Amino acid sequence: MTPLHVAATGALVLLGIGLYGLLALRNLIKVIIALQIMVKGVVLALVAAGSISGQINLGQSLAVTLIVADTIVAVVGLALAVQVRRRFGSLDVQELSTLRG
Amino acid sequence: MLQVSLLIAAVFCAIQAIRTPRLLVAAIWLAGVSALVAVLLYLLGAHEVAVIELSVGAGLVTVLFVFAISLAGEETTRLPAIIPRPLAIGLVAASILLLAWMLAPTDSPPAAADESSFTVVVWQERSADTLAQIVLIFAGVLGVLGILAEERPVEKPGVEAVQPGDAPADKLPEQVGFEVESSLEREHA
Amino acid sequence: MFNLVPLVIAFPVAGVLLNLAFGTRIREPITGIIASVISGLAFAVSVLLLLALISQPEGAIVSLGEWIQVGGLSISWSFRVDTLSVAMMLVVTGVGTLIHIYSIGYMHGDARFTRFFVYLNLFLAAMLLLVSADNFLLLFVGWEGVGLCSYLLIGFWFDKPGGEGWRNSSAARKAFLANRVGDAGLLLAMFAMFWVFGSLNFADVLGQAEETLAVGAPLATLISLLLLLGVTGKSAQIPLFVWLPDAMAGPTPASALIHAATMVTAGVYLIARTGVLFALSPVAQGMVVLVGTCTALLAASIAVGQNDIKRVLAYSTISQLGFMVAAVGMGAYTAGLFHLVTHAFFKALLFMAAGSVIHGVAHGFGHAGRGEAFDPQDMRVMGGLRSKMPVTFWTYIAGALALAGLPPLAGFFSKDEILLVAFEHYPLAYVALTAAAFLTAFYIARQMLMVFFGKGRTQAAAHAVESGRYMLIPLIILAGLSVIGGALNLPGVHTLGGWLEHTTHEAEAGAFNAGVAGVSTALALLGFGLAYMLYGRRPVGERDPLEGALFNALRNKWWVDELYDRIVVRPYNCLSRLAAGFDRTVIDGAGLRLARLMIWLGETARITQTGQLNWNVAGIVGGLLIVLIIVVLGRGA
Amino acid sequence: MNPAVPVSLIIVPLAASPLPYLIGRLPRRIFLTPRWIALAALAVVWVVFALMMRDYVAPVTLQFEAVAFQVDGLSLLLAALALALGTLAVIYSGPYMAGQTGEEKYYALLLVLTGAMIGLACAADLFNLWVWFEAMVICTYLLVAFYRQRPTSLEAGVKYLVQSAVGSVLVVLGIALVLAQTGTLDLAAIRQATGDATLMPVAGALFLIGFGVKLAIVPLHTWLPDAYAESPSGISAVLSGVVTKAGLVALLRVAAALAGITLSWGVLLMAFGTLNILVGNLLALRQTQIKRLLAYSSMSQIGYMLLGLGIGIYTGESSGIQGGLFHALNHGLMKGLAFFAVGAVLYALGRLSGGEHTLGIGDLRGTARRYPLIGLALTLALLSLGGVPPLAGFMSKWQIFAAGVGTGTGWIDALVIFAALNSVLSLAYYLPVINMLFQDSSSTAGQTARCLPVAIVLPVVLLAVAMLVVGLWPGALMWLTQPATSALMAAFGGL
């Protein structure tokens, strides 16, 4: 197994774990953690892709942008979670299902 | 071999982050994933991004999580999943395996040597991305400020319209939810 | 000269804008006079077009420029001036102008006087667009426009107290829905035409039809039958006729203009215009004749059992439309259009005279002091109005005799031509139509006897007064036209036939047949006599002389509405539900089976919107999985 | 064309965006409000846009080091729509958002949103496209959850954030696959590169799902009704009118880049389009809240766009593509108008600051009596959405249907007939609303009604007039749809 294979496998496995977390977890902060796990997988994928195409620095550059962007998303998400806790008194996404139908 | 064991460790951390009922613990497992991914990145030759992942992913994000958890409150109860577990596992596994199966035949060629320098790529060649990133950060900061902003005391009475369903913030959450629903019901009727 | 044709539409549009802009500032009769003058101007333009056509009968197409231009589709703002369209324009603007003038008197004192005239002008604009359009899309715009105006005018008094307003607006909804079913047919026909001919211009579609499609081609039948569906909606034929009687909820001038003289004849015009297509499909032609004949007979028999003065006329209109549809179905376009014109004269006359009667009786009711619940449209409360309202009476007689088809009034000649063609080509239809003609004479005589003869049965009738001159002058003019209208196409002269020959491709017209004319005249007289025996010789009491099982059936409109209920209730299959989707519950908006199915589907679909974040993400994963599977399968293929 | 023009089109709104925020943070007593600053900035952008339209003859490509930008018909179309609705939303929000905490952030974010969408419209680099897309999405997070004191707003914001984030992660994975396969990120270069037949379709699938979340294709649509119904009405208009179209443009850009070597986009778009039409209509059928109803109707309208574009791409004929793009523009006008008009009623009722979702259809009773202009405008918008001729919505649907029937393929005919029937079905939920508007008795709207300020009426009137003009003269938007169509045709060229 070359390092690239490892990275590609890792990317997919982390993506899968994150997706599963999104389906199974009910705590909003843990949902955001699951999102972050997915992002880690994609960072690996981007760098590996750069490496495969012989432009590792290009891959790195993209990965940096991705990390920044998704950190921002996580921060906004956490801010929302804090407000949710204030207004709903809970972080359970089950409580967050008043809008339906 | 080193990579494989690092990967296994990272996957273990990720699973733990999902499984543990405690939020703080989960955040720390996430930091573990981040650190291990950073090492994997370093081994791939992506030195700069490894450093950034370590400092932002394992450092900054963890701090933010801890901060948020302290604001929102720790929660330790394990909530039963809403989606039946076999269905969830099946959906995810099927998608990921299909992806993997279709990507598998690709023979990864040996990584060619990259002559460019990271700084040049980031700051010159892809400066448009970097500029857009600034916009993104600005928007994100405004977003966080906006979402977390405390209610300003009403300066001019009567400017802000009062509506029946608007519950004061200090009410018990259960009551808030109830009120919203009952006002919805009124509309339906 | 032909270039004037856009003015025909521009004038009513200008009238709408004028009255919208200044209607709130100027006083009552002025807005009505503006609208009437505008309508008169449109009539004048039509006359100019007529004069131009006399010297150049092949007509012209006037184009104002491109409208939609994309891909293969090219639609322009173009209008067709030919003998057919100008004949329709003359009827619409001529009768329309008279009805405008009449409305000034009729709507006097109504809170929404100006709005009524805005609607009338808007209707004129849409109707003129319909008849002058040179492509199906423009025609469809007019078609929808008249439907909208009809909806607005039926529900005009949606705010009447005591549940009546609700009935008015639900009648409007019923009309709207029945019309939309028909419109769907027209729309599908347009798609089919575009698919086959690649164009929607009359010249392309009708010009290529004979080359592209063989006689009896399934596509020709499909298009023709879809067009027929549109016709049954707009012209109130079986099975979509149920909306027209309810449409009488609107003000009487609107009933006269839209639901008697002009809009409902749009279907007849459409068949005449697309005659080439129908000629290619014997099956569709047969269907048209069948629909027209059955409607004529069924509606005439229902009219016998009605007691509401306007509902009698409504069923009479449906029946007469059946005559016209049957005529154009037989390929006798001249006969059909001839009847359209004369019918516009005498039916508008009858409606407006009936309006005058209602007005007079309601006025008399006001004088006689209020009693219990009172319906000024119920013929049972009338009687003896002959002496109270002499002008109305005499004009009414003229209209009624024309409708009954007594020589030498207009209705005699036009109905006789239809009967003649039927006699020569469709014997069964001839028998049915003659029977309908007999019933026509009977019910109109019954109506006259109940309204005008005998003694006033209520205080209201006894105190009724004649209407004002705004209302009477149009009546007198139309009465004159009803008497002499037959001159348009006298046997042996065939002015109208020669005129329309330039546009339609006429089936061979037979010579005047004294036998056919004699039989129909004799039957009409028989109908009169029978009615006189039953209603004329003794005072009509509470009990109708015809009371009995058959009359009960007539009074209940052959239980058509109920029949629709039955058919629908049986869950045979989805198709029967679709076909019979016009039962009254449907049309009253409560329970179209299809709608129920849709509502059920809608509720079911709402379950999928769980509002649950986890399920939402599961949707994304599911979508990803589906697309990936498609990719895998696509790779295998 | 002077390269400074397109650059300033992107830069001006972005550079000006901190100004409303900073001005708003100053202690009061200052004449300039954040809203006027935002309007001034947008006015400058309009001037730049006019300059660009004047000089535009053919697509221009600008290269900033490795990252390419391209100004073509599609960029102009999206930029015009973003500018138009952005400006109207800023005008509209003056009285609507008055006195809200965080007003200055609201206007700053609206500016950033407009700039980001123009950037997205012009991006010709796969990754750059994603960055603009992400910037746009992050702007809307706060705007959706603007009434953070309302639990339902927060709920909508959370769902919107998580689902958007999942979609965006999938897009980046797709980008990684493309990079690995072709070694380039330039959309034009990707088109040239003939790649492995296995990796590219997977990337295509990931893009379809990733951008599809923003486009609300079924079954990724679940965030949409909540977000549209809970956000301030100005934002609902922008979200529905432009942001979905930005997702559409992004998807079309990458689809065109992968056109030669991946799955058949035409068939996929048609399939998802038809599904969207049906599901959107069914879900809208039983709604009692007006904004939610409009949200679901957006889903079905997106379906019509996808159907038109799919037909065009499948057959390689311009008429379907033009119809789809025309419908996208029209939908921007119609749905913007509808949300603005509904917002006007909300304003009149005083149900602001988060009361948005409580407006039931019954609350509209008799609105046309008290506010004839608003009632008429909303009626026009709804009839147009329902495809009643001769309004704008009918024209574009007609083009789409005509393009489909023009192909002469049986199953496409069936799809078109199905879509046409659905168009009739959609009247089943529009008409009751119109009926309610013109009811005689009035609901609370009539009693507590206050006067509507010019700033709220003006956008409604402008959009209504624009919609009428387009309906009577569909050629009026040809200057936008024609270049966009040829740009897309060229991009999908090889088909």
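The letters A, B, C and D name the chains in turn, as written, and every chain counts its residues from 1.
By definition in this document, a contact is a pair of C-beta atoms (placed from the backbone, for glycine too) under 8 Å apart; a residue touches a chain by one contact, two chains touch by 3 or more.
Computed from a predicted structure; not experimentally measured.
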| item | value |
| --- | --- |
| Set of chains whose contacts include both chain D and chain B | A, C |
| Contact-richer chain pair [A-C vs A-D] | A-D |
| For chain B paired with chain C, centre-to-centre distance based on mean C-alpha positions, whole Å | 66 |
| Between chain D and chain A, distance of the C-alpha-averaged centres to the nearest whole Å | 27 |
| Euclidean distance of C-alpha centroids - chain C vs chain D, Å | 43 |
| Touching two or more other chains - residue numbers and ranges from chain D | 66, 127, 131, 134, 138, 141-142, 145, 148-152, 155, 157-159, 162, 166, 177, 180, 198, 201-202, 225-226, 286, 357 |
| Multi-partner residues of chain A (each touching 2 or more other chains) | 15, 18-19, 22-26, 31-32, 48, 50, 52, 54-55, 58-59, 62, 65, 69, 72-73, 76, 80-81, 83-84, 87-88, 93-94, 96-99, 101 |
| Residue list for chain B, restricted to those that touch at least two other chains | 81-83, 88, 91-92, 95, 99, 102-103, 121, 125-126, 129, 133, 136, 139-140, 143, 147-148, 169, 173, 176-177, 180, 184 |
| Chain B to chain D touching residues, read off their complex | 99, 102-103, 105-106, 121, 124-129, 132-133, 135-136, 138-140, 142-143, 145-149, 151-152, 154-156, 159-163, 165-166, 169, 173, 176-177, 180, 183-184, 187-188 |
| Complex contacts: residues of chain A adjacent to chain D | 11, 15, 18-19, 22, 28, 31-32, 35, 38-39, 42, 45-46, 48-50, 52-55, 58-59, 62, 65-66, 69-70, 72-73, 76-77, 80-81, 83-84, 87-88, 93, 96-99, 101 |
| Interface residues, chain C side, partner chain B - complex | 612, 614-615, 618, 621-622, 624-625, 628-629, 631-632, 635 |
| Residues of chain C defined as touching chain A within the complex | 606-607, 609-614, 617-618, 621 |
| Partner chain C, residues of chain B touching it in the complex | 81-83, 87-88, 91-92, 94-95, 98-99, 102 |
